[in-house]
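Take a look at this one; I'll ask things after.
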């Protein structure tokens, strides 16, 4: 499989990483409908852990079965499928080699509420290796008083993963006592989260679509002084992408809560126009009936394909 | 010993695990009265640690002696016997090979009360190996502010155990500041606990029989919108089993406090009808006189045998 | 040296332990005046650490010198001598092989008061090995909010010690926010402490003589319902011994504060009648003039010898 | 490359370090415009992590690109370039050998506020080695209640780095509950920070320019009694340099917030007159247009060159 | 170099230690003016870390230079020189073999105040080895709520040091929430600190000169009942020395704050009369002009020489 020029260009940004890491990045960028385009759509299914089974799977009960999701990712032409340990163990033996797997290494449930949110580390780099994964995933909550613990866990996992050729896909979700509820998706905060992720050594960065709101007073002065545009989603995404090392780190955006098809596609068009490398789309995919989900995911990919 | 088709089917769900883990699962599924049926009844005796000796053993003082319990498990045809380090060390040398042993690796006493409950880790995977155990056991308290510590201890133990061929039997008992007293056995919470256990990589999951109560507001909306049935124990167990990877993880239910024989059997019939893989029955067994306990356990097994 | 039948019987209860552990148990059971009887009297001298030098040694100033105590233990025919690191290092080179030494691995001073008491770990299994000790000692405070940390330190030390052939002598002293001052010596609490110690894997268990008081409401119901006798010390000791795996773990009792000779012997007669395996007697021994101490210890041994 | 006498003299102060550490110190002292003079100007770019991307890079948007900074450091003739993991990984493969790199091993963001400030450790000595760095950097906050954790992390990193030949550049920024806002740059506190850094084993020490203010009452008495001069920046810098082992540790000063060119140069003249070994200048450099930044940095170097 | 009889006698008290530890004790006891007498005077210079540079060194500015102190120790005939990592690294290469060095492994600054005081561990046993030290030093604060952490750090360091032949010099300074300000130098508390240090395995113990005050109510009863004399410094020192294993551990006393020459010598005479093994004298030495300091130190040694 020869790599496309675009994929080679992207890999050139990760020149300090070893060939193993770059080979796995290439694997993800060369899989599915978007293979070779430099764009990515990933199916993530950690909601059973994060929100509970009924809220996650009852809208489309086929999703109670772990096999459903990996098949959906394959059938719809996703670049990769991401899930916690249990969901991957349930399918890795039968689907080895059919789609790049991303083991999400930390997770949080909603049965206890912590003032300073932090996810539990629930898997390891060795788990990712034994299950044949192409990458590991991790979530940080900048804004939480426990962020240092998360950054330090991340540092250890990134170092271990890089040494064995596994890239890190980092979910950067600001939340916690340090920021307001609106601030969680503020454009300055999303951009800051992207910058932090890149500085921490992530290979693929996932943030939420930024809203037209600025959280930090010090940042607001700068946005106003230099006229950084934030009116349209495209504007805001452009700033966030720029904040990820001037667009030299793969940065993708989440879909968030389930919503209507036209809304989803409208948002994706804004993301693509702003320079996003792709989407990570969970509930909007697996909570729809199978055929509808496949259609939607393909429509999303078509937008990114341009 | 050829495995039955049902046992082979169950083992196929654990295809990402090594042969050692599956061999030990097969050992437990091929022992005792329920051998080969895919059902399990386990005798657990950790109450001396958890509630103290008099409350646990005075109703049937033979139980002060550790040898009593392993013999009861063998004589009644249980699939396995589970206990903390001390109780297993007291018998492992003489009963090696006579029944699969499960070393419970964490335990909690009632002499101190913690706001955020957490058990102490009191044994190790190496202990399980040197005592010839077939599995390890662990308890998590989802809902406790200390749950992350428990999940992370669990992750380390599961990883270590899987590498040496030992399955994990996980007690998932929601409790702590995050949920109400009724919520500890709410159907949504039990189902969530089952999902968490499966995502965390447990091989056998033990939860409490779910009550007709829904704890979480967000979950209640979904139960109502999609008409998830919760009136009968059978309904509720079905939902919990579905939440354990659509029934592809062994999930068994505890008996809880001592009660009358007809009550016990009534409950077990509900569990069996809902698709439970079996029961784990402690106080209802060892606090009865020996002959009565053996009769009850055999009656329970008969229900599961169908 | 052939072992007596009683010692062989006791060793048979520890059949899951390796020959090294059993050899050291045999050493302690085959030393001194009570050699071969299955009974033990141990001299423990950790009071310098726990209460300070003047309070401990001024009543008999010879005791400021570490050599005094090991000689007292030998001269009076004790089974073993237990002390913290410093006291053992001060004598181990000259008294190697003359009496089994027990290295107390954690200790607490009274210069700071913690709400949730916990001892510092002040020695290691390797220290015990290099000093030629026959066992290690450890203290737990069930009832303290810090008990989990102590149980987990204990688990690590027990595992390490068992692997190198050293038995664990466990001081189980309930205290802390979870129980009342009277509850520290309540019969239900002492029995619970004995059960916990046995479940945690201790070889020799040391508790305080139980008083005729029941701390826990749930336990009181059981004591009343089943008529567990608690009037005499003999009754209460019998329940505590039963709670240590039905008498199949060596369980000995402390003497506590210094008191009159007749009081000491009266208490020891109660302990012996209830089935205690012996006493651990510190201040009542070393704070008396030497000759008087030797006489008292020999009188105590005579009671246990029966 | 023969070392100048001055560089050899400086290296002689580090005689207890191994040749690897001294070779890397020599590398930094023999690079750029100030090569051989014993003076250093370092470009540090950690503001994207510490203050966010817009506040850091929007004034000169070329700075969103990590490549911009390493080129600026080279083009302006800096002795070294310091940045967090991500920024160095983005350029280390292409700029290996062109300028000494310093990996900043801990960083802090402004999305969460901690009462007792502490940075997260976000990189490792192994990262520094694999990226071909000449040194590692670390930040301590004397005055924070968490300072012990930082000093202990530092000790481990220094020990590891020294063993593999990497010097430690220590940012010593007093802050936290122990000192007032003004006290953060008080002359007694800056001098104390320099002393602490030297005692902790740092090779290059970076503090803020001291203000004419004395924070600690006990120190004030001494300053008054012995007439330590603090009126001019030169006076204060002299005391701080003296506090770094009488000037036998390389001590450089930060530029702080962006300000006018004449202000910057005025300050640098004071630093140089007081015996500073150089400056570390970030925002005042990379937030200016490229040509202006190069001019300023060269002017700064000219001052130190004298 | 043949050891004197007195030195041989002292070494005999440390018979459980390996030859390496005893050789280094012998080195310290056989160096300087007091060589062979069994007495020790040590120069400690950690005040730059503990109190800041100006307060420590401005009274005699030569002391800003690390070389000053090691020369003072040599020139005055001290047995050893003790300092933190930085100060020793600054001189170890040039003064190797000229005087025994003691690396102080933990230190505390006064820029932050902790309710429960604890020093940071700032050096390691490996540092002591690579710098050619004869011993390590450590400080404990009995009375602090953090004392367990300090005792446990100490245990690890002592174990590591003993294995490689390095003795432990322990600074035992009671302070913290558990005791009053006066209590920090109370005779019962000093004696208790000496006992704790010995029990923890220290080879050389350093406490403050005890005052005629009794802190603990329980101790006061004993002091009164048995008539322990506390009127003169000689009386109190005798009790403290007795509390260090009846005088079989080397115990020396600090000089504390700078004071007049006659006061210093008066105090030293009291210490010597009570059986102290020597003094550790910092500020009273290095804050005096060089010649005066040498004279004072020699006068102090003359007192101990008797």
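Here the chain labels run A, B, C, D and E in written order, and each chain numbers its own residues starting at 1.
In this section, a residue touches a chain if its C-beta (ideal position, glycine included) is under 8 Å from a C-beta of that chain, and two chains touch if they have at least 3 such contacts.
All values derive from a computational prediction rather than experimental measurement.
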Under the touch definition above, the chains in contact with both chain B and chain C are none
Label-sorted list of chains bordering both chain D and chain E is none
Here chain B maps onto chain D under a C-alpha rotation whose angle in degrees, rounded to the nearest 5, is 145
Taking shared numbers over all numbers used, above half giving same and below half different, the chain A and chain B interface sides are different
CA centroids of chain B and chain E: separation to the nearest Å works out as 58
Chain A to chain D, mean C-alpha position gap in Å, rounds to 36
Shared-interface residues of chain C (touching two or more other chains) are none
Contact graph of the chains (line, ring, star, complete, other): ring
Circling from chain D by way of chain E, one passes the chains D, E, C, B, A
Touching chain E in the complex, chain D uses residues 13-17, 142-145, 147-148, 151-152, 155, 159, 174, 176-179, 188-189, 191-196, 198-202, 216, 218-219, 222-223, 226, 228, 239, 242-243, 245-246, 248
Within the complex, chain E is touched by chain C residues 48-49, 51-55, 58-59, 61, 64-66, 84-90, 92-94, 107, 109-114, 118-124, 126-127, 130-131
